[in-house]
Amino acid sequence: MDKSFAFLKTNNQPNRILSRALGKLLDKGLVSAVMAPGITNGSDLPMPVLFTRDEAMESCIPLAPAAGVSAAVQAARIGRKVKDKRVAVVLKPCEVRGVIELAKLNQTSLESLAIISMECPGRMENDAYLAKLSASPDLPDLYLNDSSLQDQASSTCLSCDAFEPQGADITIHLFGLPVMEHIGISGMTAIGNELIEAMDLEKPGAAYDQREAMARLREKRGRAKEELFQKTGEILKNPDQYLEVLGNCLGCFNCRTACPLCYCRECVCARESFDRDLDDVSNRAKKTGQARMPAGLSMFHMTRMVHMSHACVGCGQCSSYCPSKIPVADLFRTMGQQVQNTLDYSPGRDPEEPIPYLRFKTEAGS
Amino acid sequence: MEQTTQQTDLVKTEQTDFDKEFHPNIVALVCNWCTYTAADLAGVTRLKYPAEIRMIRLMCTGMIDPRFIVESFLRGADGVFIGGCHPGDCHYINGNLKARLRIGGLKALLQGMGIEPQRLALHWIGASEGTEFQKQVKDFVEGIRELGPSGFGVYDSI
Amino acid sequence: MEYIESGRITLDRSKISQKVAYHDPCNYGRKSKEMFGYAYYHEPRWILNKCTPNWVDLEPSRNSQYCCGGGGGLMLTTLDDQREYYSRRKIEQIKHSGASLIVVPCHSCHGQIKAMAQKYNLPDIQVKYLWEVVADSLVVE
Amino acid sequence: MSKPGRFVVAGAGISGVRASLDLAETGHEVVLLDTAPVSGGILLALDRQFPNDHCGMCRMLPMLDRDQSKYFCMRLGMFHKNVTFMPNTEIKEIGGGPGDLKVLLQSWSAKVDPDLCNGCGDCLEVCPVSLPDDLADSLSLRKAIFKPGPNTSPSTLAIDPDSCILCGKCKEVCQTGAITLGPDYEQTLEEKVTAVIMATGVEYFDPGDASMYGYGKYADVITSLAFERMLSSSGPTQGRILRPSDGAPAENIAWIQCVGSRNLRLGADHCSGACCMFALKQAGLSMEKGSRPTIFYMDMRTFGRDWQKYLDRASSSGLRLVRCRPHSLEARNGGGLMLSYSPVPGELIDEHFDLVVLSVGRAPGWKGPDFSDQDGVLVTGGSKRLLDISRSLVSASSVSFRAAMISGSPVQAEQGDSITSQRVKVKSKVLVVGGGPAGLSASLALAGQGISVVIVEKNDFLGGNVSQISDAEARERIRELVRDAEKNQDIEILLKSRPMEFSGTTGNFQTHVLDQQNKGPIIEHGAVILASGGSQSTLPASLVHPKVMTVFDLHRRLDDPEIKEKDLNCLVFIQCFETRTKEKNYCSRLCCPTALRSVEKIRSTHPESRIIFFYRDIMTPGDLEHLYTRARELGAIFIPYQTDIPPKLILEKEQVVVEGFDPYLGEEVKFKADLVGLGSGLGPGSGHELAELFGIRVDREGFLIEADPKWRPVDSGREGIFICGLARNPVSLDEAVDEGRAAAQRAMRLVYNPQARMSVSTARIRPALCSMCGLCWTVCPYFARYPGSKGAMEVDPLACQGCGACVAICPNHASVLEVQGD
Amino acid sequence: MTENASSLIKHTALMRPDGHAADFCLGCGTCAAGCPMTGIDGFDPRKIVRMAMLGRDEQLAASSLPWLCTLCGRCENACPMGINIVGLIRSARGLTEKDKTPTAIRKGLEMLLETGNILGLPEEDFGFIITDVAEELNEQPGFEDFTVPLEKKDARLLCTLHNKLVNIQNEDLIHWWKIFHLADESWTLPARNWEGVNWGLFSGEDQVLKVAVDNIVQNMERLDARHLMYPE
């Protein structure tokens, strides 16, 4: 599919203008609903909001630099339920990856979803965002144009070099563009092209080369990622550091709740391995004179790693959720990369790419 | 689940004999159809293999949940040896291929956790390969002996 | 054979001292077997063994022996080069056996091997008829 | 409720084991005997089998009763509660009639008590007698007391009475007192049985008779059986390939095919049928061990399922194939052998090989009294014809069904089982798709056992299209099948119909069958047999010419009075026409025999006409080799061609000219043909659609794929669905009938008891925990999982074999294994 | 070229009870692999069989192929189809036009037909040579009283001779004479038609073969010999 590229004039209000463009999709009946970050009554924290009327789109912040929860789970719910209608979902690249992974796990269907994603400058942690927002109400727009603001993004985002969406129907281009004048929009699929047709976009007047800006960012974040993985890798391998970092775990399971990919109805860790048998704990205590309770937290984290490390899309929500500020995402991403490299698997890259543990069908020989 | 309990029981057994030589704690998960037969053949032909291994017979290597291997290490195993049918020989068609994929991913994970990859081995040992069984088990145990205790049990303290 | 068995002639096994190799002629072996159903492999060897203990077979022998290269009237044709080429196998066999006396019961083979020994520059190779060897070993009382 | 039958199966090779298991699985009692001290036959010596280089004997074990086995690997022996294995036993006499035979069995003393022997092996060390080991075909030595199979269970040591010198040393060292060396005692036993199945196997040609290759004279010339042991890690060289003469690694290895077969001078006018594949396998495995193999062959007979592809794989991985028969071997100084061969006219090559393997031919090998003519005695497997494993199993199943039919109506299996397995209600009805020979024989077999059958046939007649392509005798046989089916009250026939919707679980399927008006019943059935057949391939439009036709059409046309009276100066056959190539890479099996049979027909009316065959490999396995020999005797001339230079057809108005290259002459040859027959092969019919409907696998060419090409030839891999006949692979009429019966046997096993027993260990879903992610569905090798209506996956209880793959993949332990009883 | 339908020689199965016609050929090349002559001047037994099958008698007869063969039989001994390859090649030789058969054989055969021996040696010359050699033997100790029993009737053994022994290597006669002498054998040598070599075998001409055999049979009858000794 040839990608089409067009401009959307932003008039210093990229979020608002883009919301209106999305509203046109509702208006023209091309989609029955739009799910995008937005503000609802009572909170300034952008959450996934389901819009069904274009006038309501005023509260939409499609390029919001924060995300209260991963929208992937919500998009997946829509995809699973909605049939014979189309719903546009605005997702960050990591959330797109999440949806695609969930589709592979039969937890959603991509059929009815029109996925709109953006070149992602990253999201801020919720508390940091809210603090900043009170001083600067235009933060969502300003953030897009200010690299020093972007440097305040979460540590996960600062070390993420997968900021270009894959698998979306529409991509919103930001990097290397004068975003306060216009942003770029491309249709990546037939559906995407059909939809941007309705957005009344302009042919690009001047040619912008995004490559340099992208490369710079990729280099910067890539370096940060390598450093992070290096550091975290040491933590995982070194029992002292490991215990120092994970010793703070409360066993609250927030990380699991936050994870867009933990799709089980009721986590196995809540039933079988976590909270080990008391005899077990006392046996251990007899040996060394003491044993921490609750026990089995390593087993919990490792079980999650066994189950999810190949699929980790690096959204960082687990870290954001952790009350003990354990860098869960760093640990998961580091391990995830090692496992994914070994299995030659890239989660969320392609809905057709089989889950690595199901590849036995095509493999043979020794 | 029968197999699960078996496994857990076995790995619960703590190391007791620490003589001059290091006696590693080794769990061998073998498939009922091929490798167990090979082990049996090794026994029948009186091929000696190390006594350190605790052999657990499974219907198929494809039923091995990697979680249990992690648990074995957390609970003090120094090595886990898995023996299954050659590709294509699996009684359950392709259970061994499934095992290979999962063990492959798990190996990377354990390596990331600081467990030497040699501590987890997957070998194809056919029913008639008694000598192969002996050789692989011997080599594996020797390898673990050289590596020394895994020390991974400390991760289980939280 | 009859003479030897019945004692009508007596043979001295010590008269021939060199290493002897026996060559099966096609006519005595394969062709006889094809035509008359019996191949004379055993008899000549039996006789030879009465003449000398120091003999060997050329390998391969009997049914799969190589022809000397002179059979089938080939000696009578002008195809000398071809005949020479053909005999390379026999010469290899002879060299391989390490024998210096080749015993043949056939006139054709006798001529061919003798000629080929010359062609292939093996002057030390002697070729004798089986009965010649018998005659040589005869004990004359 | 009728009583189970009792049967004697003579010969415990794979055929005998298969027949015994078939009978045992349908509730009968079996006495399985063998003259050897162990079961397994020749298979004990073969570690891996073509066409996939795998082991897999265990896959022929009963799926449902498997868990009752004491041992699982069949190399350890064969165990089933309904089968009594009697080693060291033979049949002395058979009296009585079918259904009521009196069989006199004679056993001789084993001398080692299996209950006392602990397999310690001390006796092996003290036994002073050493002799060549038959199992390794004399490659190694064994003692007079020995372990009769490499893997047989520990306590099965045996004493060979012929070589034992009764010195008593073994007895002295035996700590358990298991050895009795008294005089041989023989025990006779009379069994009253329903029928006897002879599965006495084959005997290998002794290449000592082919002295040109120096077997017995040169140590480095060994038989293919000995090489098989050399490949085995439990063999005399522990799997290393060595020259027996000096123990040096054998790098260059030659296989010589057809030793003792395809040889009129040895009176062996037959093809052993499997040696080509055997050699390909051995050569391929030797390559893995670093050897450089060469196979000397005449026709590479890759006629079976996937065999052609196996050959292609082997040759693309570097196997050298040389088309000629070597003349003789000579030993060389420094070890090894020199082999003389001439691959093309005028070229004589002497090549050095470290090891020469003789692919020894086989012949039926029953030394005991022959009871095969007696009523109630059925003969199976290699003891009837020379078959590969898969065909032997099909034949054994077919025969066991015939034996079971002698016992009359089906056995109602006991309800109160010794083991506490759960049971599932099943429908005692079988749906048969396709009314050709395979489908008809399956239906008749089932109906004969009182199972009701529905035949769904797309045409408006029964009989399939074999009636189009075979000769009169075959047509008559099929008509007979059709007549029998039509008058059988247990067989319902739906013509002009096709299955459209399929659902349900094993034992309880529902299929909606539609006629041409898209109307029809929903049939509830316990199992389904797919016998949808196939047809001859049509010729491309560019070859439409009155004188050009398929070999099948030509064969039929020869009966035409017009053709009979016509002047036929020259007929040309082109075999493998656009088959066994990339697009249709399999042998159709019937083209060669049909074309060769045509020769005799042509000769009867046109004794002087010239008959030319262009061929790649003439595929006449077994006794079909007679046809080839006879065709040559009748003056047909056979010109081999290679795929890169196929013979050319030049179509002119009045005539067809065939141009080709005769490699023996080294010249182009050209024939003006009055008729041209093209061996363009057979193809499956509606394979792809059926595979999709029934959720089973189909290959690129549209043939349905079996669960295991060797060990479960008529199982689809999805329990309850069986495949047979041309829909599965090209077959002759006899084979189609056998496959039909074998498929019926497999279906019977499932539906004979309205309360079918589940596998002892099966998976179960905990619905509350299931997220319907479908991982278990994908990993289940038996199609035993399906998305249920209640928001959770469900298990097909009869299809589940308890492998546990679902348990391992489910992150949430929603899938668990349950083991019944102990 | 288009092939002929029938061949005169492909059905040559003569002389051997179990021999098969060329038609049975599988083309396996066992024959060629066993023939040291394979490859020389295009020689290949398999090709000769093939030409016969295709009825290319004339082409075969006109070529040098049949004459390159030593008729050693190594090919047909191994032939799995039992094809009488040697017989076939002989037949092909028989089809060769007279003036194209090798000169030496041609002449020898003519002599044989004319004089009863291939050398064309007159009876009196033969007698002279024999006596001459016998006198040589008389000089050796133990053989002083040796004579050659020419034309002796009622002998147990009738001997025929290889012409070579009469022609160029007549000293080799001595060896078996010695043996006969010491064994006190009752033997005879015919004065006429003593030729023991039958070149008809080489040329493929059965009628010549027969003449040569007839000669010997006549000798046998004439001299009432009971057994026959052949040079080969």
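A, B, C, D and E are the chain letters, set down in written order, and residue numbers restart from 1 in every chain.
Rule of thumb we're sticking to: a residue touches a chain if its C-beta (ideal position, glycine included) is under 8 Å from a C-beta of that chain, and two chains touch if they have at least 3 such contacts.
Note that this is a predicted model, so its numbers are computed, not measured.
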Separation of subunit C from subunit B in steps, with touching chains one step apart: 2
Most remote chain, CA-based centroid, reference being subunit E: A
Selected interface, D-E versus C-D, where C-beta contact pairs are more numerous: D-E
Most central chain, Cα average position: D
Rounded Å distance, subunit A centre to subunit E centre (Cα mean): 99
Centre-of-Cα separation between subunit E and subunit C, whole angstrom: 18
Cα-centroid distance, subunit B relative to subunit D, in whole angstrom: 36
Between subunit A and subunit C, centroid-to-centroid distance (C-alpha), Å: 94
Subunit D: positions in contact with at least two other chains: 212, 327-328, 779, 809
Contacts with 2+ other chains: residues of subunit B: 66, 86, 88, 94, 98, 102
Of all residues in subunit A, the ones touching two or more other chains: 307, 357, 360-361
Listing of all chain pairs that touch each other, if any do: A-B, A-D, B-D, C-D, C-E, D-E
Touch list for subunit D against partner subunit A, complex: 768-775, 778-779, 809, 811-814
Complex contact set, residues of subunit B against subunit D: 1-3, 32-34, 36-37, 40-41, 43-46, 58-60, 62-66, 85-86, 88-89, 91-95, 98-99, 102, 126-132
Subunit A residues touching subunit B - in the complex, by the definition given at the top: 233, 236-239, 242-243, 246-247, 249, 273, 284, 291-292, 295-299, 302-303, 305-307, 309-310, 334-335, 338-339, 341-343, 356-357, 359-361, 363-366
Residues on subunit D engaged by subunit C in the complex (per definition of touch): 211-212, 214, 327-328, 330-331, 333
Interface residues, subunit D side, partner subunit B - complex: 47-48, 52-56, 58-59, 71-73, 75-76, 119-121, 150-151, 154, 232-234, 238-239, 707, 717, 761, 779, 781, 801-805, 807-809, 816-817, 819
